[in-house]
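Look at the two complexes coming up: chain A is in both, with chain B in one and chain C in the other.
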Partner chain A sequence: MTTLSSPLRATTADAPPSSPGPRRRARRTPRDWLRDGGLSTLVIALPMILVFGVFSWFPIGRALVMSVQQTNLISTPEFVGLENFVFVLQDPLLGKAVANTLWFALLALVFGYPLPLAAAVLMSEVRRMRGLFSALAYLPVVVPPVVAVLLWKFFYDASPTGVFNTIAGWVGLGPFPWLQNADSAMPSLVLEATWAAAGGTVIIYLAALVGVRTELYEAAEVDGAGVWRKIWHVTLPQLRGVLFITLILQVIGTSQVFLEPFLFTGGGPNNATLTILMLIYDYAFGSSLGGNYGAATALSLMLAGVLAVLSAIYFRVTRPWSS
Partner chain B sequence: MKSANKRAAFALVGVLSLAGTLTACGSSTDAAEEPDGPVTIEVSIDAGLEQPAIDAFDERIAQFEEANPDITVETKEFTWSGTTFAAELAGGTLPDVFPIPFTDGRALIERGQIADVSGLVAELPYADQFNPTIAAAGQDAEGNMWAVPIAAYNQGLHYNRALFEEAGLDPDNPPATWDEVREAAKAISEKTGQAGYAHMTQSNTGGWILTTETYALGGRMTEGEGEETTATVDNDATVAALEMLQEMRWEDNSMGSSFLYDWGTINQDFAAGKIGMYVSGGANYPNLFTQNQMNPDEYGVTVLPLEGDDAGTLGGGTLAAVSSAASEAEQAAAVKWIDFYYISKLTDQDAAVAEAEVAAETDQPVGAPALPIFDQATYEEQQSWIKDLVNVPLENFAPMTDQMFDQPVIPEPAVATQDVYAALDPVVQAVLTDENADIDALLADAQTQVQGLLDRS
Partner chain C sequence: MAVKNQAAVAERGIVSAHDRRRASVRGSLGVLQGGLLATLVLAGLGPILWLAKAAVTPTQDTLRQPLGLFPHGVDWANLATAWGRAEIDHYFVNTLILAVGAWFFQLLVATTGGYVLSVLRPRYGNLIFGLVLATLFVPAVVLLVPLYLTILDVPLLNISLLNTFWAVWLPMGASAFNVLLVKRFFDGLPREVFEAARVDGAGPFRLLWSIVLPMSKPILGVVSVFAVIAAWKDYLWPLLVLPDPDNQPLSVRLPAIAPYLELDVFLAALAISTVLPIALFLAFQRLFLSGAGLGGAVKG
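What follows is the complex of A and B.
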């Protein structure tokens, strides 16, 4: 930095004083752009742009087109207008899928949202072995999701000799049907999903807690605040920006829940865990002869639209509190 | 200067990697379109095989390549699944030769989604010797065979002989009526603690087995043909089948605690000795043995009890199809492979013995009975060629083989088969997981749904 600034300063000193008023910005020519490394920047960015274009933007564009088509992806597609949207809205399973998804989101919010926060706050208070606790909290995130689900499927064995039922039996409870019953299947899915995802959120909260100014705690202590009042009046307000973001991310994430119902129950029993994304999957791939891709993309777009509107409203409403 | 060099180096790497990607894409397409000279085909091999089974497959490839020096065979793991096949078909990721169930043959042919190899198939010496009912699954409306039947099955009642003995039942005298099935299930459940009778419910298999039970009780899920097909899901036989399941589940408590089985998972649990009886394809033995390590001595299978007028056994099978993306040379090589690997062992003594020897050497099952794709005489002749190499306990199959040719085989619903099965999955799941499930209401809903599916097909 120093070596570059010295000659510049020398040049400036020899030049006549500039005229007062706003400086006119020099027009950048393509040559300037080239000389400043524009080409290499573009070339370096190009693979990423291509990857995003091919794997993200192009499929989104195709989805828009397919939502107004009837196609099996092999024969020539047929334009059907809004027929796919009408089909989806008239499907009796849509209401069931929306209700199930909302139920999953609510359960995940009640159990999955406060848990990582509480864990992070507690871990931030621990003086020794914080790294070990962080690693332990994050460990489930490292386990591949499919492996985690298969593991939990084993735990959820509904026979009296199943892992969880054996543990419940020690205290005289059960055996519980877990995934094999329409009432208990969804809470069972939420339990595993919370276990699997909490670690990532804990790390985010821990990172945010580092940014909380220690003098605020000291001031609170001087004022006689205990641990809970410090958390309530200092920690949470200082984390509110992160909390708002994780909340909306969780809502978006849980609205798109697929892995757990797909691998645990296939949407059963009797559609009790059929979520919106499961329904989209069933539209597209439920039939071995080529599914209703038009309906699948139509429902995908509707879901994306709802989530986009929800996010916009959320950020508009919470803007005054998060600044 | 240093940073300028760095930028240039990054730019070079970026350009080279991009060029490499584009070149790779280009060369792949060119090779696929090469019509003459040496040809390479990709053939499917069952996913999840044990090493001896893979060795046996590789040995067969080596024999094929020796007989056809211009053809190179590569393998790709593929097991047909109703929920992934459409994506693989649309995505172009299927191998050149792949198996499909009878239920999909006609529709894939009508839509041109598999290669028309009927000209090549017609040249095969046994082309007109297939059982006509079975051949129809792979033919178009004019009778041209686009896909070759390679295996057929009739549904059977599979049972665990060890659990039968443990429950005080005679494994050589399996249930012959549905009442006896229920009694045996109850005895197994009470005496062994395992599921007496288990039922598939997921990935369209719930509807498949419910349809099987319906046929066995004299009912049908659809009536009519083509566009005139109507749903008859709420028939008396289906009601009787579901009531039987309801009683076994909630009164006898003889169906265990797992009610989300599909084909793969029920095979796993049966092979592991957790299930006394279940209904599935009669030719399930190879999967149970090679992929699930079942003890052959514990395996038993019998025909389904048929009760009521017009009762029959649901029958189906597997077709070998060729990818529509295959070039002419690849199609020709693919049909040669189908002939060599799947069919010649059924029609040619040398090929039958060679295949059986490889299987026996690698400890794979030889001689497991199955419904023949040709006639009964051809089947029995083929079995006689390899009788010295048979390593499966044929006496355990006797309850099936002694009766299977006497039972009427009824094909699966012809229109939107997998969709119909999918619509029936939740019905079976509801009966098995909800004690208060209203069978009439469930079937009324399913009837409306299936009729809607048929109307749209």
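What follows is the complex of A and C.
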């Protein structure tokens, strides 16, 4: 993998020499620009400018405008001030969706945050067949998410002969209702989501563990530290940066969870798995009468705002020790 | 002893080489790692093996004894039925077309963009780079609705891309992570080679095609593999912009046809949809496991 990573790492070290071509005091005329190859540069830049312009910059700007407009594709858009935001904030389903999304995020942290770390630390101590360990851990990540959800939906069959209920029956438990019950539905979604994502986090931690300075282990041993104290005082502090990145990534990812509730339960039972992104989807595309695009954009901007504030606070708090 | 330790420094982990030789340490480490391996086989490989088994098992066996091992024999016809009668072949081809087109546009935008920003460096380069980087900080959810309306009525052209593959291909090209990745790779290439080519009379197009791209195969490989995988995984976006079932990829069709298929045929369809991503993973394992795909997670 050296061929891959070394050029990436080298970028900051040997920065390229400053841009070629004559630097002139005098104003450049369009003719100078043409002669210096300005036109062909622009032609080569065109795919990036057009694709980003039309499919990224323009829609982002449009989101800001749409959030203060009444738009439904039928009548002409009309400016309504903060009405969309008021509509969303007064929607009785919003509280439910926010609470469910927070519940999902919290459960995902409890299931999915310590597990990959523990697995990665243990795997980094493996001397033989380490590749086999990481390949097995990563395998669920490559399964297409839709296939994974549909497969697990069958595993979660509530009858005593369902796959998971059969296994639970071997140890005298169950049968559990899994997705059918308002209390167990969300943990069931999180279990599948954790299965599908944990391998990626393990790989990130494994890569970070390679960079841990091993001399410090020697020093800790001289001071009489055992395995646990070495992990706690040497390994984990050196992983702070990456632990912080995975935490932020996980919060940003789980706050936009859609696939699992959409395909497993459709938000049910009794809205127990309705998430913020599902509510946005319902506003915009859920009704055949034409979407409430203004409300959908308003809610997505509010979510983006909360995420931005969260990451900013987290950066502030952890800056003293994350660099 | 000290000399031995020196030699082990490069390779040592949390447990020292000295401790590793102790029977009690080696024993507990072995038990822990054996347990981890068993768990990984069960959790990582288990569901996939189960799917492979269920794909060739009659429906009644899967329902009555989901964990039995072929109680009434193997039913290979499931695969053929799924492929032919359930039209998985058609949706498989759609998925391939989407993946190849998305791969092409991601590569086109990332290489030309990275080349302009890293090598040609026009005066407006920094502004564009800033705008490209800024999109990394906008969560995907913000784009969902306005991008959908943009597809319905593309600015400048005033046409609708709804129900065309362009609606999936082009937005996937706007990946800031790809541009960043390729630009940083180009930054690390030796400038002297570019200067020499310029002196020999190579223009900017020739320089890109004959010098820069051939030197950049590793990074083009990374971008390619992850472009194909991302297109294969995509669900919500193709669901929105490809409402006509004739154009839909596997990910969108599978949940839709589930109620109309017999269970064994449906599970065979799921298995068929999983084969290509797993084959790509096995073929390019080192690429996936090196952490190069971190961007997939960032894009969220």
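Note that the second predicted complex is superposed on the first by the 272 of 323 C-alpha atoms of A that agree within 3 Å, B and C clash if a C-alpha of one lies under 4 Å from a C-alpha of the other, contacts with A are read in each partner's own complex, and residues count from 1 in each chain.
Going forward, a residue touches a chain if its C-beta (ideal position, glycine included) is under 8 Å from a C-beta of that chain, and two chains touch if they have at least 3 such contacts.
Because the structure is predicted, anything quoted here is derived from the model rather than measured.
In the superposition on chain A, A:145 makes contact with chain C only, while chain B stays out of contact range. Of the two partner chains placed around the shared chain by superposition, chain B and chain C are both touched by A:73. Shared-chain residue A:269: touches chain B; no touch with chain C. Between chain B and chain C, more residues of chain A are touched by C. In the superposition on chain A, contact is made by A:179 with chain B only, not with chain C.
Shared-chain residue A:47: touches chain B and chain C both. Residue contacts after overlaying the shared chain place A:37 against chain B and chain C alike. Of the two partner chains placed by the overlay, only chain B lies in contact with A:286; chain C stays clear of it. Contacts of A:158 after superposition: chain B is touched, whereas chain C is not reached.
Where the contact sets of chain A with chain B and with chain C meet, they give residues 37, 40-41, 44, 46-47, 73, 162, 281, 284-285, 291.
The touching residues of chain B, counted against chain A in their complex, run 4, 7-8, 10-11, 14-15, 17-18, 80-87, 89-90, 100-101, 103-104, 107-108, 111-113, 201-203, 256-260, 262, 324, 416, 418-419, 422, 425-426, 429-430, 432-434, 437. Against chain C, in their complex, chain A makes its touches with residues 1, 3-5, 7-8, 10-11, 14-17, 19-20, 37-38, 40-42, 44-49, 51-52, 54-60, 62-63, 66, 71, 73, 119, 121-126, 131-140, 142-148, 150-152, 154-155, 161-163, 166-167, 195, 199-200, 203-204, 206-207, 214-215, 217-218, 221, 227, 230-231, 234-235, 249, 252-253, 256, 258-259, 262-263, 277, 280-281, 284-285, 291, 293, 296-297, 300-301, 303-304, 307-308. Looking at the complex, you find that chain A touches chain B at residues 37, 39-41, 43-44, 46-47, 50, 72-75, 157-159, 162, 175, 177, 179-182, 265-266, 268-271, 281-282, 284-291. By the touch criterion given at the top, residues 5, 9-10, 12-16, 29, 32-33, 36-37, 40-41, 43-45, 47-48, 50-51, 63-67, 105, 108-109, 112-113, 115-116, 118, 120-122, 128, 131-132, 135, 137-150, 152, 154-156, 170-171, 173-174, 176, 179, 181, 184-185, 187-189, 191, 195, 198, 203-205, 208, 218-219, 222, 229, 232-233, 235-236, 240, 250-252, 254-255, 258, 263, 267, 270, 273-274, 277-278, 280-281, 285-294, 296-298, 300 of chain C touch chain A in their complex.
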